[in-house]
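What follows is a pair of complexes built around subunit A, which joins subunit B in one and subunit C in the other.
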Partner chain A sequence: MSLLANTGVLLGKELKTEFRSRELLTTTVVFIIIVLVLFSFTFDPLSDEARRFGSGLLWLAFLFAASLMLQPCFLREQANDTLSALRLSVSDPFAIFLAKLAANTLFLMITELLLLPVFAVMYSVPVLGVLHWLTLVFFLGSLGVSTAGTALSSISAQARMRELLLPLLLLPMLTPILIASTEVTAALLDRSPYVLWKGIGFLVAFDIVFLTALWLFGEYLLEE
Partner chain B sequence: MWKRAIFAAIVVSLMGAAAYASFFIAPTERTMGTLQRIFYFHAAAAWAGMTAFSISFLANLLYVWRRQPRWDSLGVSSAEVGLAFITTVLITGPIWAKPAWGIYWTWDARLTSTFVLWLLYISYLLLRTLIEEPDRRALLSALFGIFSFLDVPLVFGSIRWWRTQHPAPVIMGDGSSGLDPTMKATFFFSVLAMHVLMAFLIIERNRLEKLRFEVDVIRHELEVA
Partner chain C sequence: MTPRVASPAGIRFENVEKRYAGLYALRRVSLEVAPGECVVLAGRNGSGKTTLLRIAARLVRPSGGNVSYSGESGGEKASDRVRPGFVAHATMVYDELTAEENLLLFARLQGVERPEERVAALLAEVSLTERSKSLVRTFSRGMRQRVAIARALLTAPSAMLLDEPATGLDSQGISWLAGTLRGMRDAGCTLLMSLHGESEISALATRGIRLDAGTVVGDTNAGADMSAVLAGAGE
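After this line comes the complex of A and B, so read on.
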């Protein structure tokens, strides 16, 4: 019970920090728009190609954005020297990770849902009919990205060249998420949309594996 | 000293015998001809590389649990040796693929997941170079190694389900796929030779890591004095 209570308080703190400045959300949204515009120059964005490549481009943009967005997650604590205080304030360090990954999942979901209409208009892909399914995929994908990303961001924050290091550690590890989410999204954006259950199941499995690993090993990641 | 020399001699003769067997004893394959003989080298190196990564994973777990420097040193040694074997696999693969399939590279499950695996362990070694403090480096890289290893089956599964046009596995596949008995014997002999080579390299690399550790300690003492 105390785990959930602690997580709730810490999540409130994460959200308050972000919504005071909205730094992360603004920069990430702008970054993804830039990537989507740049992608459009590499092929004809209004052809059938857009349907075929669209979902992949979208997820690639999300992953790149996430590898930037997850950066400050622990760096901020380190710069302000608040990590030890944070560690002392909770009985189970897993609460710190849970709060951070919940906040990151939420931020990613917000950016993704904000950008979906932009993507749909720019690449002329109808998304309204499958919106609820897309939201589910966004949630499962973002949860996996944030779980692995929060863990690795606590590692990279303790190394040199941290800004460069996080994408190098994170992106190869997210290959399964990229493949599965792209496949599910592509099926939803198809001319005759369908739900790829195997892909959704796979995303759930990825999330469970990484959540369990974080639960088991999280406390060591924050050791002094 | 003698033990090392004898071990080295065993490695050399086993590797030599494996090379002899794969060139002269194993029968020539029907469609690919002599070309197929690279298989004894390529697939055996892949198996040895995977074993090395598994050893590294176990060493990482043991380090997180016991916190003894020797597990850190075994972890990095076997990761490096595994990386060397997997690099061999990624180089011999295209050499074989070009004449056999007509292209150097195809984005199929085993190729791609091996490549992702290679990238993950490159990141592992890179991470180690970027953390100064030995205890922190050992702990954080061990944790990254554990996460990477857990990721491997997921990478393989996702690529196999959605990104593959590869024939079924030849070894350990179902009944329909199979090898000629002599080929199989040659293959398993190569696997054995590669594993002995791998063990030799890990032990030697581990020794080097220990020396490096001692040098660091001595240098530190001198600086303090």
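After this line comes the complex of A and C, so read on.
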């Protein structure tokens, strides 16, 4: 069976199990709302500071939420050793990663788009005019976060102190994404919005590099 | 119920070694399981049975040596390899999916033709048709084990690896499993399974191998010796 067909079947499973329980989405949305509210206490969210710092706070909240969301990605497969069943069934182990990172990207995007209006209202930042560009940045950023996060989740799931290990590995690795996404988002939330193509190019490059690395070395990450 | 296996696969272990952080789980194990043979692996906890089976299933890479199946073309691609069925300690099915969804998932991943029909037939074979739409997390351990065995049978494999398959089964379940394995053995499927002690299932064996500390310490196909090997006489 082809890589894409296997990926499609596995993605269906990921979506079915999540939308049946809604555990990850609910927890993550609540977590981001709490973080955004707490951040808003640290300065006057209606001032110009909101435009200057808002995008950074938004992406920090997304990254913390992602580390929460990515944690169970491979841990769930350990309970009944279902990862072994998947490895025995797929013709290419990359399908397991592709399905998981596609599901994680989708869940992150849903969370981000749900939270955007809350952020816009709380921090008094208009977003409607640049919504399509913001969606693109969210997609590229989420794809990078999910790709790196899914790979690291497969490693941390097999380690001791796994709950601590993933954020410890993930957050430093995602610093380049945080910087680029924040800069592009800040430019879009500016009083005179503009598209920072350099930042978008960087995000695309980051995604391609990590996807290629995962395609080349993913099989070894799944080995016992 | 079990279709005749067209070409049973033999399994060949050549000087297989496995080390975990300097500790040997297996030491230069060399074995040849003939096509259609039913072999029971016996031994105390930690003797290397599970490691040997997981290496045979290609879930664990050996530190040294090689495992091969007869009938393989020798290529590196997954499609070139024999895919044995594997039943492990854990059930290897999703608690959040129904029995039917679990089997359909693995059937589609493995490219089983007409997956719905195959899954319905297997659910009937493991007597779970009535509970096919129930989430696996609502099942007893014995019912989960039946789903696990149905999953391993999806592709009608030519070789089957079973790691203590009677775990969690009551006496009725063990009789059912023994009947299923007998059908597979008679259909020509090669069986390699680990068991603790003698049971209705071990009575199916045509050969018994005893492992101790990662090495083969007994290997027989004679009735009286078989009992001794399975029971661990002399230890």
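Just so it is clear, the second predicted complex is superposed on the first by the 223 of 224 C-alpha atoms of A that agree within 3 Å, B and C clash if a C-alpha of one lies under 4 Å from a C-alpha of the other, contacts with A are read in each partner's own complex, and residues count from 1 in each chain.
Keep this in mind: a residue touches a chain if its C-beta (ideal position, glycine included) is under 8 Å from a C-beta of that chain, and two chains touch if they have at least 3 such contacts.
Computed from a prediction, not measured in an experiment: that's the story for all the values here.
*Asks:* By the touch definition at the top of the document, which applies to A:159: first (subunit B), second (subunit C), both, or neither?
*Replies:* It touches subunit B, and subunit C stays clear.
*Asks:* Of the partners subunit B and subunit C, which touch A:223 in the superposed model: first, second, both, neither?
*Replies:* both
*Asks:* For A:151, decide between first (touching subunit B), second (touching subunit C), both and neither.
*Replies:* In the superposition, A:151 touches subunit B alone.
*Asks:* Given the touch rule stated above, what does A:136 touch, subunit B (first), subunit C (second), both, or neither?
*Replies:* Neither partner.
*Asks:* Who does A:206 touch here: subunit B (first), subunit C (second), both, or neither?
*Replies:* first
*Asks:* Tell me the contact category for A:195 with respect to subunit B and subunit C: first, second, both or neither.
*Replies:* Neither partner.
*Asks:* Could you say whether A:172 touches subunit B, subunit C, both of them, or neither, answering first, second, both or neither?
*Replies:* Touch status of A:172: first partner only.
*Asks:* Based on the A-chain superposition described above, do subunit B and subunit C contact any of the same residues on subunit A, and if so which?
*Replies:* The overlap between the subunit B and subunit C interfaces on subunit A comprises residues 223.
*Asks:* Under the stated contact criterion, what part of subunit A meets subunit C in this complex?
*Replies:* So the residues of subunit A in touch with subunit C come to 1, 6, 9-10, 13, 16-17, 20-21, 79-82, 84-92, 223-224.
*Asks:* Can you name the residues of subunit C that touch subunit A in the complex?
*Replies:* 54, 57-61, 78-79, 83, 86, 88-97, 101, 105-106, 108-111, 151
*Asks:* Applying the document's contact rule, which stretches of subunit B touch subunit A when the two form their complex?
*Replies:* Touch list, subunit B to subunit A: 64, 116, 119-120, 123, 126-127, 130-132, 136, 139-140, 143-144, 146-148, 150-151, 154-155, 157-159, 161-163.
*Asks:* Can you tell me which positions in subunit A touch subunit B when the two form their complex?
*Replies:* Of all residues in subunit A, those touching subunit B are 148, 151-152, 155-156, 158-161, 165, 168-169, 172-173, 175-176, 179-180, 183, 198-199, 202, 205-206, 209-210, 213, 217, 220-221, 223.
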